[in-house]
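Okay, so subunit A shows up in both of these, paired with subunit B first and subunit C after.
The block that comes next holds the complex of A and B.
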């Protein structure tokens, strides 16, 4: 083999791979082609062609088919100067992609031509990229996904048994803004399950305690607190400003209110509820699943309902259910997998049983039926007999 | 016929058992609810807000209850 084998290989690839200039590449992208940046993750993160997919050359064969499922879709690959991407183009051809072009001059040529560039991780700093490194290597998350998490606004209704584990994990995973609505103060009897709070916080506002814990855990998270009881006078303003609502309330009136407000504002309502050794979880969203009222049209009579304070609840149980809510929230934010739409997970800790029951829409639901006009908020305390 | 019903959460606690047998003359979920309330009056008041599921599928009051059915009765719970 000659000493120039590398150069000869590049020359041969130049003959077999179709090459395009920056303008032509931009036109192709405009016409539906996918731009693929095959440079290393750090290079991509420092700036790339606007709209380009980051697919490092080392992962190309492994990720390509999940990221670009349509092999007839034209692909324009690029690296920094247009050499490495020749090999990527060849590899994509071998995988069966029909129309692969190489951007001659690479990203440098693109930028010099004055074509649009972006930071694909949005404003993800080096420190954030280090923190979320184990996310960035998952194709379903990556820089784009981490940026989605960072841009997400998630509201936790209640910083109690369910809200605590959900808040800890959502904050750790990089949800950019966590809203917390809770009017209560930390009580000693909360500490057996409400892991956001600690003995030194007893007597403090739960929202303040939650903020301190979350900011300690992940300084990149922006915490917005609402030291109020969620009611029909403030629900619109609070819920409207978030993308996903996590229902960790501890009473039926608030749960029906959360449902109605989420239906009104078309927000996903990630539901969780617990009783002693058992828990329930689901995701409700208008048009995509039944709503809470389709599942439970009416609350139990008030003297038959028991809160955690009255009935008791096993310490770890809300952790399991709150984390189901957290992971559903992550899935919704990243738009991956199958959300728990139309299904109720029923967890029985004593039997160690997880069951998934199918929920159907109530076609006559006064809140979420097709074409139903929002009937307005009701007297929730009265509805629940309080 | 006899229908087996499985109970959950507060309903289980009120009944003091996970499972009950209900003598049920042919009919639908609504009739089963009535039969259960008559045979176990202390559960009657709770049943109105509970949902019934057959074969992992929540069903309405007019759904038929097959002879050998095992019916899950799920109450809403509010704890958080």
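The block that comes next holds the complex of A and C.
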């Protein structure tokens, strides 16, 4: 092999790969072509052509078909100067992409031509990129996804058994703003499952204890606390300000209120509920799934139900269900996978069984039916089956 | 006549002395539920109201499918079907 093998290979690729200049590339993108930045993640994060897809050359063959499923769609690849992307263009051709062009001069030429650029990680600092490194290499997350998580506002209703695990993992994962609504104080009997709290916090407000734990865990998370009982007088103001609501309430009146407010404000309601060794989880959103009232039109009469305080709950159980809620929240935020719309997951800890059951909308639901006008909140005050 | 099983949630099993599963017979949902109520008379009040309608906080699935809001009332039951009764729980 000659000492100039590399140069010869580049020269051969230049003959076989169609090359375009920055203006032509921009016109192609305007006409529907996808711009693909094949540089390393750090280079991409420091600035790229506006709208370009980050697909590092090392992962190109693995990710290309999931990121660009239409192989007839024109593709314009670029690197920093236009050499590495020649190899990427050839690889895409081998994968079956029909119209692959290389941006001569690369990103440098694009920027020098005054064409639009952007920081795809948006507000993510270097420290955040180090923290979320294992997310950034997942194609379904990446810099764009991590920025979505950072921009997301998630409300946790309850900082208890379900809210605790959900809060810990959502905070660790980089949800930018976590709202927590809870009026209660930490009690010794909470500590068997409410892992946000600790013995030194007994007697403190749960929202304050939660804030300290979350801020220790991830200082990049903004915590907004609401030291109130969620009720019909404050539900609109609180819920409207968030993108996703995680229902970790411990009583039926709050669960119906959360449902009704989420329907009213068109927010996804990530549901979880537990009893002893059994848990349920689903995701409700108007127009996409049944709502909680389609599932259970009314709460049980007090003599037909028991609360965790009365009947007990295995401490680990809300950990499992709360984390299902956290994962559904991440999926909704990233718009990936299949959320639990129209499905109810049942977990039976004693049988170690997960079942996914299909649930139906009530087409005449007074809250979520097509065209239904919001009928107002129902006051379940006096309902004692908490 | 088909043989099916009815599975009950802990909340209801508690009031039946721990019974979590019943073997039942019938050709429709109504028939197998009636068989279940005859085998465990205390079950009826927890599942249906005085008109025989499922209580609003109770769900009934045939295998993986919810029967609530189904157009048909006399849903057929086949050999080996699993009828799952669920109820809303509030714990969090």
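We take it that the second predicted complex is superposed on the first by the 381 of 386 C-alpha atoms of A that agree within 3 Å, B and C clash if a C-alpha of one lies under 4 Å from a C-alpha of the other, contacts with A are read in each partner's own complex, and residues count from 1 in each chain.
Convention: a residue touches a chain if its C-beta (ideal position, glycine included) is under 8 Å from a C-beta of that chain, and two chains touch if they have at least 3 such contacts.
None of the values given here were measured: they were computed from a predicted structure.
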item	value
First (subunit B), second (subunit C), both or neither touched by A:8	neither
Which of subunit B and subunit C A:252 touches, first, second, both or neither	both
Subunit B versus subunit C as contact partner of A:361, first or second or both or neither	second
On subunit A, positions contacted by subunit B and by subunit C	158, 160-163, 247-252, 255, 272-276, 278, 280, 295-296, 298-300, 304-308, 311, 313, 318, 344, 346, 355-360
Residue numbers on subunit C that touch subunit A, as the complex places them	9-11, 14, 46, 55-57, 59, 61, 64-66, 68-70, 84, 86-92
Contact set on subunit A toward subunit B in their complex	158, 160-163, 247-252, 255, 272-276, 278-280, 295-296, 298-301, 304-308, 311, 313, 318, 344, 346, 348, 355-360
Subunit A residues touching subunit C - in the complex, by the definition given at the top	158, 160-163, 247-252, 255, 272-278, 280, 294-300, 304-308, 311, 313, 318, 344, 346, 355-363, 385-386
Subunit B to subunit A touching residues, read off their complex	8-10, 13, 45-46, 48-49, 51, 53, 56-58, 72, 74-80
